[in-house]
Each structure stands twice: as structure tokens, then as C-alpha cells.
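Below are two complexes that have chain A in common, paired first with chain B and then with chain C.
== the complex of A and B ==
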């Protein structure tokens, strides 16, 4: 394979890419080992996205899902002409921010607790994170239905304690969606922060306490800034997944949640209306929106994290 | 000292509350699977195995189990092969290709599965093999490979590469030296990576929902469509099986490595 390989069998742009990669790599064998995964990512990830983008730029068609070979921005025109988009963006960003804020606060606390604990407690806490992480989204959302529905467990408890006089409808409703979404992303957020904390030296916190910092203050001013890389990762993951949430609003939401969640809007366009140029345009807009907000969020956290360190 | 004790108590209450929040929903699912009535209520009034018996008579669930197993094994094989070879290549040469590869492999995890599902559905329809096992396996591989890849990079980075050089100096070819010098030291890592790939595939449902048909639907897909129609303790039965499988996987992975290391790999 080493000397006889001829790039001329490949299409020109790919051959060029291969050549430039080969020249910059020190070892050809290493490149050959990485090649299968590179090719897989190009074929299964990059190519589908380019096609998605291409279809979003075609004309609509009466009898097909879209009209191949045509160029048009009518898909985007329809996306921007109705207030469905504005509602979806508002709803998804609100859900994203709310779920992310709750998740990151709880996750930071829990990651700190795992880091500080030892032995069986530490294993139990880690286990409580890893098991939900390896459980399907369907179960994670479904489990909240018997707990939070109007005749569910939580309402029974609240009623019997006379805290409320009639059942509250958490599910279906926005409260249920937020709780479900937090539950879905929390394990990932906890582990992202924990893996950073695990590399940290407890001595710094002790030093702060010896110098007279109270315990909550030593955590806020010493631990949190140090854990900032993990907190940023946790925030980005929580936000990205909450903006694109599908299972929680789909199962725990009421009609309003379902009509406004971005993922459900896109799904409806794709499956029932058979207008692919509109559905793909929605998907492209959603992706752009997410990328922009992640960049802004990361920049804000970096800025904030930087300020925090010197405060 | 009084203040310190109060803080300790608050701290402990805090993390025990979160511990409960993390495990209670899963406990609810397991407990409701033993309910006698057909209504989903927690805690159930009476317990029985009636829904377990019904499960083993329902063709749709049983074939979904087969589908999940097939897709899971397929994903495990492709993701492990791709992830291990690429991580090995990246380890022996951290050149330009590696710099491109690492973020490229990671990005799919950050994109909402609904968008991946849509783009792949459109893609596979054009390629002419929508609704086949292969399309679901490839989609799941996209999600499982990053885990295998990063687990293996962490494993390879702790490996003493002088052993490989020694094997080569002693005259072993590239394949022989890999099998005899590297493999015995990293087999636990490969095993855990493969196990995670299988679990990821078993539990994933949004992409599977977009890519499967009635004959290739996996367990989470069937569960999802069932729940949307009516609440049935049967879903709890199936969920209990899925939770038990994950539980076993965690126990095995913990024995092969340790829970702390495993947790860090998952982030």
C-alpha cells in the first residue's frame, strides 16, 4: 500500500486534500490508520449537511418533496414570513437559558460534592450520574409522567399535606418540560465539571480557608474560577441540547410547548407537510441560531470567568 | 463550630436531594413495571408480574428487541474499529490529520440529534437505503465513535510506547508488534469503549425514530410511539430491561477499569 498508492483514482479535490494531508503528516501509516474515520465523518456527517443545505435552497414542488436541481430561497422566505419562527426561537432560547441555568448550578454543587466525598459515598454519587446518563431519553422523560401529572405522586403528597387545595398540572406543561430537560442534561454537566475538579489541588481551597475565607466564599471564589473550563463545557452542552430539545417538550409539554419547540416544529414540517425545502431551511436556521448563541455564551463566560479570577 | 455543623448538614441534605432526584425517576419506572393494574400510577396499589407475561407474548416488542440487538452489535463493531484505529494513528503521529479529526469527531455530539436525524434521513433517501438497518447503524456509529475514540486516546496516552519500539527492534512486524505488545495492555480500554458504544446505540432514539421503519424499529422507538398513544405499564417493563442492561454494563466496566475513570471518559 505504501509506495504504489495513486491518488489519481480519486476525484480531484479529494486527491488534493489527501496530498496536502499526506505532506503535512510525519508518518504515512498514522494517516492510513486515521483515514477510515476521516472518510466516515466526511461521508456520514459533512456530506449529509451539505445536502441538507442544498435542499433548503431548492424550489418547492407540487408532487415531490422538493424540486431537485432548482435554486430558490423560497424555503427561507416561508420560514421568515410567519411568526412560527419567532415563537420557536423565543421558546427554545427561553427553555435553553432556563434549563441551562438550573442545570449548571445544580451540577456545580453536585460535582463539588462528588469531588469532596470518598469511598462508598463517592461511588454512590458517581453511580447516580452514570446510570441516568446511560439510560434512553424516552425513559428519562416518561418517568416524570406518573410523578408530575395532575393525579400523580407529587400532587398526592402535596394534597395530603394540605399544601395545595387542588392538583397542579405540572405535566403536561412548561414546569414538566423544564424538569425533564434538566434531568436529561444534568449527568453530562456534572461529569464535565467533575473531570476538571478532579485535577484540582484541594490545598488551594484550604489555604483560602486558613486565610479566613468562609466555606461558601472559598468555594465561590476559589473552586468556581478553577472549575470554569468544566463549567463552560457544561453550559454549552446543556444549552445546545436544551435548545434542540425533542423528547421533553414532545412528551411532557402541553399543546403550546409542542407548537413552539424548535425540534418539534422542524419535525412537523418534515413528516406531515412533505415540504422538504421548508423543513431543511428550518433546520439550517436552527443550527445557525445554536452556533451563534454557543459562541456568544462561551465568549460571555470566558469574559465573566476572567473577571472572576481577579476579583 | 455551630455554624460549621449547620453548613455540613445543609451540604449533605443538598447532595442527598440531588441523589434522590437522579435515581427516583428510574426507580419509579422499575416499580411501576410490577403494577397489577393497567393504569400508570406510583406507587402502584397491587403488584404482579402480569405485564412481564404480556411482554413476552407481544411480537412487536420482541422483534424490536432483536432489531436493537442487531443495530447495537453492528454499531459496536463499526464504532470500535473506527475509533481504535483512528486513536492509534493519532497517537503515533499528532500531525495535521489528527488536528482535523479530533473536533470533527466531536461536533456531531453537540448537534441536536433531531438535526442529525433529518439530515441523514434526507441523505439516505437520496442514496436509496432509507429505513434499513445499515442507516441506523451508521447514524449510531456517528455518535458512538467519539466515545470509543476519546476513551482510546486516554488509554493509549498512558501506554508505554517504548514497548512497541522494543517489539519492533526484536524483529516483529507492525501487526505482530501491535497484537503482542500493545493489545494486551489496552484490551480493557477497548472492551469498555465497545461496551459504551453498544449502550449508546441501545438507548439512542431520536435518530432511530427518523431512520427506522416498522420492520427495523428499535426498542426506544417503539416505547416512544407507545407512550404517545397511551400510558401503559408495558413501557415500564421494557424500560426496566433497558435500565438493567445499562446497570450490568456499568458494573462490568467498573470491574474492568474503575468508576471514577469511566465517569471522566463520559464527559
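== the complex of A and C ==
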């Protein structure tokens, strides 16, 4: 192992072997460093998913949740034979797109505001983004009930201002679901975009204005393209989360929302109908759809100037 | 017409006064350098001109228009920034075409104009490159091309050469001069580098503590500084403290820390200084001549007690004798630090001059009294 001898002093095949050994030892070290993460992923993601996949390929059972040890594709048969799947896909994708669009627009403005503010205002803005993360999902989602319900605060205000003549039912309903979902993902989206903006030099915005770009134009021409990596991350997080939304449709949705949201469709078959082979088949189909849509989404965003790398 | 008038310009940030009072008229086609140390308010003044800062008080007029409250994008100025501020996600060509794009010029036309501008600054071959991959000097050229592409009435340069190495910066100074001569546009150039200011400027405006202290042609501010700050800031000089001993109609005699009286010839106004008033005398190295005491001292005068010889043209020559303490080689010149009585003075001589001195040598320093400038305690210059 002494550093004094050079490979050229060795016969060529041995030198090559030596080189490849060194190469391998280096990658082994990398593997070792990654081991905790790999074990984590294997134990908590890959293994459960394989179990889930296995269950989706069993027969149904009258007495049990599924018939262990059997092989069948009847679960998938049921998934593709009703229009529940099409409804769930339509509903979830629509909710995903709507919540994502609203979230990313608000998050971009909010992150820009944090970036441009100073001192106490900046701290306050940042703190108010992080604050909701300290509250559990269920509680902060439920908070919209008293706020948005027919006899809730918002309706009271609108009624007293004579803007509406009778209460509007925001919750339970689709409006409530979208609002709740946006509220859940917004902090993550803001932080993703802000982290990119924070590294940006305000000077280039000044340069753009100096060259004749109006305020909105300078943001569009200079800030947005620079913030694109953050915007893409925010979009992917918002979309993936919203398509698989569980809490918002479950707590703030009406019957229709609950019957159509993908996660709730799975939940119903898992906990009420006790048809695990069907529930897991839905889950597998949903996962595949998610993968495909996220690949398509990032491809589309990359086309519009992002530089998002998968690796 | 793009004559610029700044009147009583002031900028405060909370309790901090960045610019206190800047008033100047910049002629059409002039190249004005704002020169001053860090924190003197020169960049803030330029940013107010660009519209990137709003003045707290005062007025800015470009041509006949009051642009004081007009935002940067509605002004006919273009700025070259210190760190160049190139758009990182755009190509070099897109950077240069940006201003034209904002003016609503069509894609092919603006690309054509941008390409011409890039050729002009000799960056044509880099049109499709990522600006982040360029060297400092190249970024500088692109930034210049980007600002010139919009054909501004006024080009503002905010220390654009300070991030370049000395040689590159000197080359760019000459190029800037050429571009200025060619375009006949008004340039306002901010710098803390006096060599740069002297090379470039038609006129120099000296800034200190948020005030524009003096504006004038380079030789004028150098030879006729308004106050002690400018005298000390431009070039190097020796300030010698003293007290007025007596005044006559022809000269003022000052008792100095050099251990002898220094005579300042006056052209009449003997009341400029009162007896007993303390003054600081500026002895620039270039007005001091030095020689070995072996030659000069042979006339028998004792050290420090030489009589003031009066030349045939009537000017007086003062001289002192001191000991060389330090020799500093500075390339083309050698600087000697010389102990004279309680103080020390530095003098310079070019390498080409014959006869070098060593530490410990005794030398005689002499000067023409008319070349000495005097400043009062408050910094104002004595009008001799």
C-alpha cells in the first residue's frame, strides 16, 4: 500500500486488477456511508410496499381481510370493473392540480415577500410559515370547521357586511377541502422556494429594472427563472401530497368528496369493507399513477426552464 | 440633451446620513468621476441618479425633465454594476439584448443589435456562452455592452473596474475613454481609485462624508484642493504642523515641527492668517528636492539654521537637513523616510536619478515656498 510504487512498474493485467480493486474499495465506502439511509428505505418503504403488493395479489376472503397464501388478480379485477377508479383518478388529479396551482402561486409571492423584507418583518413572516408545522395535521385542518362552516366566522362576517344573503356551505364541501389542502402544503412550498431565493442576488433585479423592466416584468424575467428549481420542488411536493390527500377531504369534505378522494377510497375498503386485496390493488394503481404524473410534471416544468435533476 | 443637474441631493437611512448635500451640473457628453473613500456616499449618489434609491431631499434633472421620483425603469440611464449583475440563466447575447427586449424591440432586430454591441466590446464569439463561465474582464465587457445596448442618455458606472486586476483595469480604463469619446454620451463613473479617476475623468468630483466637496478638472483638484481632506486624499503628502510666527505683506512665517521657520510667500492677502494661529503645511514629495549634505552643507551653515536663499526670480527656497530612516523601493521610485527634528518627512526620487541614499545618511531637503499649501485647523485651505 506504499505510495512509492507506481502502477506502470507492474505488469499490465496486475495493474488493471489493482486499479479495479481500488475503485471497488472506494464505492464500498460510499455504500457504507449510505447504509443507514438504505436500511431505512428498505425497512420502512420497500418492505411494506412489497407486502402491500403481495396482499393485492391474493383472493378475497369471507372471514378474513384477505386469504393469505393464495394468488389471484381479483382485487385488480374489481378495481378496473367499477367506475370508482375513474372517479377517484379524476377527483384526485383535479384536487392535486387545483391545490398545487393555488399553493405555488401563493408560496411564490410569500417567499418573495420574505426575501425582500428585513428585520422583524422577515422573522415574523418566516415564523408564521413554520408555526403551522408545529401543530398536528388533524387539529389545524379541523380549525377550518368553525371558520368556514355555514354558521362559522367567515359566513358571519360576509352576512354582517351584507355581501351574501344566506350562509354559504364552504365546509363540508370542495371549497373547504381545497382551502384545507393548500393550508397543509403551503409551508413546505414556501420554504422550498424561499431557500432558492435566499441565495439570489438582488442586484440582478436592480439591473433588470435599470434596463427598463417594470416591477412585475423584472420579477417574471429574472426572479422566476432563478427560483425555478425551488418552484419545481414546491410543485412536486404540493402535487404528490394533494393527489393522495387524506386529512383535508376526510375532515372537511362532504359525502361526495369522501367517496372520491383516492386515499379515502382505499381507507373505506381497508377499514369498513375489509377487502384488503381490493384496497391494496387501489393503492398500487394509485402509486403507479403518481409516479407517472410526477415524471410528466417535472418533465413539463423542466421544459419551461427548470433545472430539476432526479439524481 | 442629457445635461444632468443634481440639486441639494440628500439620502438618509433612518438616522444614518448617507448623502448630505450633493449639488452639481454635469454637462452633456461629459465624463464625471465621483471619487471618494468608502462610505463617502458616491455609490448612493449614483444609485439615486439611476433611480435605484429615492432621495430623501433634493432634485435630479436629466435634460429638462425632473426625474427625482421616477423609478429606474422609466429613466434613460443605464448602470454598469460593481459585481456586473449579469443574468445567470440567460446567455451572453440574451443579457445584452435584455434592455432592447424591455423596449419591445422584435427578437431578430434586438439579437442583431446585441450582437453588434458584443462585437464592439470584442465579445462576439461568446454570444451563446453562459455568462457565469466568463472571466471577470469578460463579464465586465458584457455588462458594459448590456448597458450600452439600450443607448442610454447617461451611462452610470459603479466601480466597475474595482474587481479586476490592475493591468486589466488599466486596459479597461483606456477602452472606456475610447468608448466615451466615440459615443459622446454623458458618463458618471464612481471610483475610489484616484489613478482611475485621473485617467478617465473630464472632471472629478471629490466626495467625503456624504458631501461633494470639490468638482473640477483633474489638475485643478490636484493642484488647487479646496481643503485638507482633498490634499491628503489625492496622492501622498507630508502634513507638517506649525504656528504662524509673524506675517508681512510678502510672506507668512510659520514656526514648524521641522525645527525651523517656513516661509509662505503671499500675493497680498497677509490677513489670511493671524499670528499665533496653528496651520498644517502640505509638502508633497514631488516639490521636495533632496541632495547630500556633503555638497549642500559646504557653505558652512549649521544644521537647521540655513538662511532662506532668495532666488533670482524672487521665490524663496526653504531647506532642512534630516537623517534617512528608511528606504522603500517602489519599482520606478524610491521613497525615503527622513527624520527631521521631532517629525519625519518622506521624499521620493526616481530610480533613474543619480546617487542613492542609505539609512543613516544625512540629506538636505529643499523646496520652493510657493509650492507649499497651508490649511487651517478646520481643514479649509489658506488662500495665500
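What we mean here is this: the second predicted complex is superposed on the first by the 268 of 311 C-alpha atoms of A that agree within 3 Å, B and C clash if a C-alpha of one lies under 4 Å from a C-alpha of the other, contacts with A are read in each partner's own complex, and residues count from 1 in each chain.
One rule holds in what follows: contacts are C-beta pairs under 8 Å (C-beta built on N, C-alpha and C of every residue); 3 or more make two chains touch, one makes a residue touch a chain.
Small disclaimer: the values here were computed from a predicted structure and weren't measured.
Asker: According to the stated criteria, A:221 is in contact with first (chain B), second (chain C), both, or neither; which is it?
Answerer: second
Asker: Between chain B and chain C, pick out the one touching the greater number of residues of chain A.
Answerer: The partner with more contacted residues on chain A is B.
Asker: Kindly classify A:212 by the partners it touches after superposition: chain B alone (first), chain C alone (second), both, or neither?
Answerer: A:212 contacts chain C only, not chain B.
Asker: Using the superposition on chain A described above, determine whether A:178 touches chain B (first), chain C (second), both, or neither.
Answerer: neither
Asker: Can A:124 be said to touch chain B (first), chain C (second), both, or neither?
Answerer: So A:124 only meets chain B here.
Asker: Does the superposition put A:203 against chain B (first), chain C (second), both, or neither?
Answerer: second
Asker: Examine A:104 and indicate which partner it touches, taking first as chain B and second as chain C; both and neither are also allowed.
Answerer: neither
Asker: Once the complexes are superposed, what residues of chain A are shared between the chain B interface and the chain C interface?
Answerer: 215.
Asker: Given the complex with chain C, which residues does chain A contribute to the contact?
Answerer: Listed in rising order, the residues are 201, 203-204, 206-215, 217-218, 221-222, 225-226, 228, 305.
Asker: Can you tell me which positions in chain A touch chain B when the two form their complex?
Answerer: Touching chain B from chain A are residues 21, 24-27, 29-34, 36-38, 40-41, 44-49, 51-52, 55, 106, 109-110, 113, 117, 122-140, 142-147, 151-153, 183, 186-188, 191-192, 194-195, 198, 215-216, 230, 233, 236-237, 240-241, 243-247, 250-251, 263, 266-267, 270, 276, 279-280, 283, 286-287, 290, 294.
Asker: Quick one: in the complex, what on chain C touches chain A?
Answerer: Contact set of chain C toward chain A: 50-52, 71-73, 77-79, 81, 83, 85-90, 98-99, 102-103, 146-147, 150.
Asker: Quick one: in the complex, what on chain B touches chain A?
Answerer: 4, 7, 11, 14-15, 18-19, 21-26, 28-29, 32, 40-43, 81-83, 85-86, 88-90, 92-93, 95-98, 100-101, 104-105, 107-108, 110-116, 118-123, 126, 138-139, 141-142, 145, 149, 174, 196, 199, 202-206, 220, 223-224, 227-228, 231, 235, 239, 242-243, 246-247, 249-250, 259-260, 262-264, 266-267
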